[in-house]
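The structures considered in this document are given below.
Two complexes follow with chain A in common, the first pairing it with chain B and the second with chain C.
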Partner chain A sequence: MRQKMSSLKNRILCRLDIQASAVVLLIVVISIAMSFVYDGFLSAYNIKAMLMSYVPEGIIALGLTLVIISGGIDLSVAGVMPFTAIVYCMLMKAGVHYLPGMAIVLAAAAAIGAVNNFLRRLLDVHPFIITMAVQLTLKGFNLVVTGAGSISGLPENFMEISQVRILGLKIPLVVFLLLAALWMVLLAKNRFFRKVYFVGGNPKAAELCGINVNRVMYFVFIQSAVLAAVAGIMAVFNYQAANYSYGSNLDTRAITAVVVGGTSMTRGGIGKIGGTIIGLVFIALVYNSFLLSGINTYYQDVITGAFLIGAVLIGERIKYRGKPGKKEDKS
Partner chain B sequence: MDAILKLEGIGKMFGGNYVLKDVSLEIGRGEVHAVIGENGAGKSTLMKIIGGIYEPNEGVIRKNGEKILLHNAIEAYKQGIGIVHQELSVADNLTIAENIFAGRQPVNRFGFVREKQMCEDAGKILGEMGIRLDPREKVGNLSVAMQQIIEIAKVVSHRIDVLILDEPTSSLSNKEIAHLFELVRRLCREQGMTVIFISHKLDEVMAISDRVSVLRNGNFIGTLSGEEITASRMIHMMVGDQLDSRSFLAPKTPEGEVILRAEGLCREGKFRDVSFALQKNRILGIFGLIGAGRTESILSLIGADRLDSGRVTYEGREIRLSSPKEAIAKGIVYLTENRRDLGLFLPKEISDNVIAASLGAFTTKRHTVDRKKAGEAVEGYIQKLKIQPPVMDKPAGTYSGGNQQKILFSKVLLTDPKVLIVDEPTKGVDIGVKMTIHHMLRDLADSGIAVLLISSELPEILKLSDRVLVMHEGECRGLLENRDLTEREVMAAVYGEKEVQQ
Partner chain C sequence: MKKRTRTTLAMVLVLALLLTAGACGGKKSEEGSGAADRSDELYVYVTFEKGSEYFNWVYAGFLAAADELGVKAELQGPADADASQEAKVLDTVTGKHPNGILAACADQDTMVSAINNALGEGIPVITCDSDCPGSDRLCYLGTDNSSFGAVAAEYIGEQLGGSGEVIIVTLFGSAAQEERCAGFNDHLAEHYPGIRVVETCNESGDTATAESNTTAALQANPGVKAVFSTGGTGSAGAAAAVRTIGRTEEIVVVGSDFGTATLECMEKGEIHATVVDDPYMMGYQSMLQLFAAAHPTDIISANAPYGHITTSDIYFGCSLVTAEEYTENADLKEKYTNTPSFN
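So, the complex of A and B:
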């Protein structure tokens, strides 16, 4: 019995991540402080609004978590997201029903993800540069197509469906929550998803274990692009329009959420969806606090940047001190 | 003999050159078969061929008499052959069980991992190996030695009967090596495993092997068994007609004054009361097992770590170094055992590497590098240290480990040190390079440098040191003059036996 207790204690300690705990603690402190200053900070209305405005970042951060665990990065998401929104609106305006339209843009996004990985492998360069180029290309396309403006005036049937609420929640929020739950369970339990950890932790070893590393990387980039497309579709649901500027800074904020949540950019194979969600809540909270406080919102990014550095500091300096993988003192 | 594996005329070429040529050897069922040879002899290449990672250009592999063709590691597993690579290939953040079953975890209908069954299976495999570990533990929390065991468990879990270990002991302490060997014997005894084992260390080979095969320059030289397995015989087969590596390299110059004296160095929990003196023209060896506090005390001495108390006198004055940079500026240079950390710029040419630490001396008035002057200096070291190939414009990363070590020495020597501290200078290099480094260290001492040699290889200590400081568990256990000093005497000092103090 006693042994069982101690092993249970060990397992809890093992799971308790210092970085995630620190962020959760901050979230609690900020929430309490803000709810003293502003009545209704913790009201269902404000929480929903807060989350709603971070749905695109949230959905994209799910996909990026896998990309970063695999040891890569995907900047193209900031291009794919508005690209999808724009093409989706154009399709609907051209008379395509919103469901097949959705299928078309998701397929297009999957193709973009595949191209990302194809080029990465073909040119044998870091995905940073490839996905940045794809982002630029798509952003340029978006500007040209929209004439640096918006596409609105969507068909009636779409306007109706986009207003539907499920259990009082708007569709984008429901989709995000479902996807987050799904991705969390899959990444924790599913054998194919687990392969991402091996590929990120040690690609050579993964290959020797019989894991098809390239296939896993295709999957990682495709799911990232498809999730970015879902984010774009959800933006259209939210705003009933598409704008070329949807993706600006989206990549930075999504990456920040992932890293604040404990997924490591310096060593692959480390990270969890749960952490990313904590990171998202944290960023949403910080931005919302700024908004309510009426402090110049330009300071938001200063604070987020500082927290990002803090998270990396905790991650690299405290969590992994003396762990192999980086330079290590001799015994 | 009942051969489980038969290699017939194996040849392998890389870029038009043979790295293995006409290698034929037999591995007996259930034996521990060591494969030895210098760096570049082709051991690892041969193992990778048996393990399915490389395909041979020539020759045939037979298992149980049948010809087998392997295109990758997975096919080798199917034939019952598994290889544990030199570099650790575990995923830190995952559990022991997941590492063992990487990508093959038992799953239910929906592709979800059946955690309980996976842990039970992993526990069973570990149990059969006599290892008691919780399969739910994260691999990153284990020692390097344990991670290696997990790696072996991973390979064994493929239900193999031929296990290849590629230099499994290079980062293990003596105790861990003993443990590993016990495991190897157990696998042979209880699971009828055949083990092929690559090593640099001859004493290990003697301790564990039933038979030993020797490769030299890609050729098969021969197989020894039973009483034929002696160090001198193995060395002879590995290097051909070179000198015995053990005899003492005597100094050629008279001993100089004491340049550095350390008295009563202490750091809590690491070492206490460490004292020694370094003389010009002499080599002081510090011997101790892993955890003796050798490296720690030196790191504190040069200011890379905290020093709680103690006095350091250098060139007659008391000093307190606060950083390795300050130590270098004073002429005290420390070379760590980890070659990758030593600061070679692998993509840059040798010449740039060699002058990297003394750029000031090669800078013209117009703040450009004096290429001609630098070239002459570098050329000198290439000749002196016999760097192969002797050209200046190849990237350092393309050189073998031993030659990289030499490039590094050149870089350090160019800064004109007065005290040179070397930590495990020959770790992981082959015998030929080892001998060159030994001679080089003696030459450096003869040129007036005070050398401090840290090593856990006793033959190396005895071959080079004029005096030996013995450390154990953070304490000095004696300062021995090397006059026909024997290994037994040093080990006796380590364990505190009186008889040595005569």
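So, the complex of A and C:
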């Protein structure tokens, strides 16, 4: 009997992600507390505003989840997002229809992602350095091409499509929900997506198993840049304009969502899209609660930072206690 | 029995009359007591670069007027100049259904949909300092930025004796600071054609960036004789850059606003003068306008369904304070060194 109980306990503990569960519990507690304190918390408007407020971070966090699982990091997303928004607006103002314009900027973003991985391999440095340099380059480019202003006055056909609602939801929110569902299924079921786990867990072993690690890494950085481009396009849908200032600290917020959701930055090969969505909901909820309650938002970063430390502590001290750390193999 | 009934009836009637009279008297005295309880009313000031001294002065004025009116006030916004973050804040604040929103806009295009969305929810929105003319905001209160730039140009023109090279340090993308640049350039072109602006560099809303960009601009243009910073954030950065290249004695630095760092540089003689407007009054007057907008009277206004506020924009003046005036005038020091802060 005792053996059976112990086995059941082990099975439950095995299936239960303690970090994700702790974050879900916090989400429930904060939501209940806020609904008592503030009447409009559960209103349709506030829920939509809360979800909409983290759409760019959400779309980017999906791509970053794969990057972090692969053992890398991509800071260029904070440059790609405004870059795409600006180029997309410029193309439309130059007379390019919004659909081909979209294809052009997505292709440009894919090229930036490929450059990220190419330089990483060529220079044999940590992706932190390369992607930070690409972010700075793109931000400088954004300033130069916009003259540090904004681009607006977009064509009428785009203004009309950007106002469309699907089931009462704005297009950026619908796009995020669809992408989240797609990435979740693909990362769980698709063979190519699953290779990211093997590469992140142990690139040398993955290579020996016949996985083309470099090809997987190209894919990881390209999908991250393309998703950042989608976030940029969605910003244009939301604001009907583009400005060089978009995306300030966007990378930090997206990485926070990924890590709070349980994807490990210290060990590759660990993480789930579901966890990232939980992390996103959590930081969006914290942000929304601060604004609604009127507490100084300066404290928001303190709270978010504290939870980030908490997430890493839970991961290192409880979830992966006694398990070997990430190998320092190079792909 | 009949008599007792009559007596009881009479007592009830008298009691009823007394109660009615009491109630009437009570109502009368309540009406006579004046102001209604407005402590539940909330007015929100949404800004970018939240925490900057300039916007803290605006909020101090906004808050003082709110206290006078007996309503609540709140300050919200991102700590940087990311317009998309500010739009996000405004959208969330709209969900609180405040009685009015005052917005200082990081970017006039990005903020359009968030402002119109709030108005669509029936919330009066006005702008201050940095406008959003493409939106349906009810009115704008701000500094006459063209004159602001002209005041700086006049001082530099006099100091340089009508000829020389100048660098402008500004916040790219800020409509208010672009107007200051334009006012500065126009005044020089008209009154001091011998003075040439050789470079306009970006402070990016950060003093350290202002310093590094100005240093680079000064090194590339060794003939520069004056620097004008169109914003408060860049003023101390511009002064630090001049100090870094060791030309404090030769280059005239004109700053903007009266931030602590700017005032310290003035005391040390690193900033020769600063152009000041009145952000406190801007905040105070904005609150009064917003309150009026949220309280329509029986007479229909030009901003219907909102209350009686101006449909034209309101501009405030500006003036120049030199380092000598500042260091010698105790009243000026007293006014400018009591910087408000909000936590």
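Just so it is clear, the second predicted complex is superposed on the first by the 312 of 331 C-alpha atoms of A that agree within 3 Å, B and C clash if a C-alpha of one lies under 4 Å from a C-alpha of the other, contacts with A are read in each partner's own complex, and residues count from 1 in each chain.
Everything that follows uses one rule, which is that a contact is a pair of C-beta atoms (placed from the backbone, for glycine too) under 8 Å apart; a residue touches a chain by one contact, two chains touch by 3 or more.
In this text, all values refer to a predicted model and were calculated from it rather than measured experimentally.
Clash-free side-by-side placement of chain B and chain C is the outcome of superposition onto chain A.
One geometric descriptor of the composite model is the angle centred on chain A: between the Cα centres of chain B and chain C it reads 130 degrees, in steps of 10. In the superposed model, A:204 makes contact with chain B only, not with chain C. Once the two complexes are laid over each other on the shared chain, residue contacts for A:49 go to chain C alone; chain B is not touched. Of the two partner chains placed by superposition, only chain B is touched by A:195; chain C is not. Look at A:129: by the touch rule set out above, it reaches neither chain B nor chain C. In the superposition on chain A, contact of A:169 is made with neither chain B nor chain C.
Of the two partner chains placed by the overlay, only chain B lies in contact with A:270; chain C stays clear of it. Minimum Cα separation between chain B and chain C in the superposed model: 33 Å.
When both complexes are aligned on chain A by C-alpha atoms, no chain A residue touches chain B in the first and chain C in the second. Taken in their complex, chain B has these residues touching chain A: 53, 73-74, 77, 85, 87-94, 98, 102-105, 107, 110-113, 115, 134, 136-138, 140-141, 144, 154, 290-291, 295, 336-338, 341.
Those residues of chain A whose C-beta lies close enough to touch chain B in the complex are 7, 11, 14, 189-192, 194-195, 197-198, 200-202, 204-206, 208-211, 267, 269-270, 323-325, 327, 330-331. Interface residues of chain A facing chain C in the complex, by the touch rule stated above, are 40, 43, 45-46, 49-50, 52-53, 56, 143, 146-152, 235, 238-241, 243-249, 287-288, 291-292, 294, 296-298. Put simply, chain C touches chain A in their complex at residues 50-51, 74, 76-85, 87-89, 91-97, 106-110, 112-113, 121, 134, 172-173, 178, 202, 342-343.
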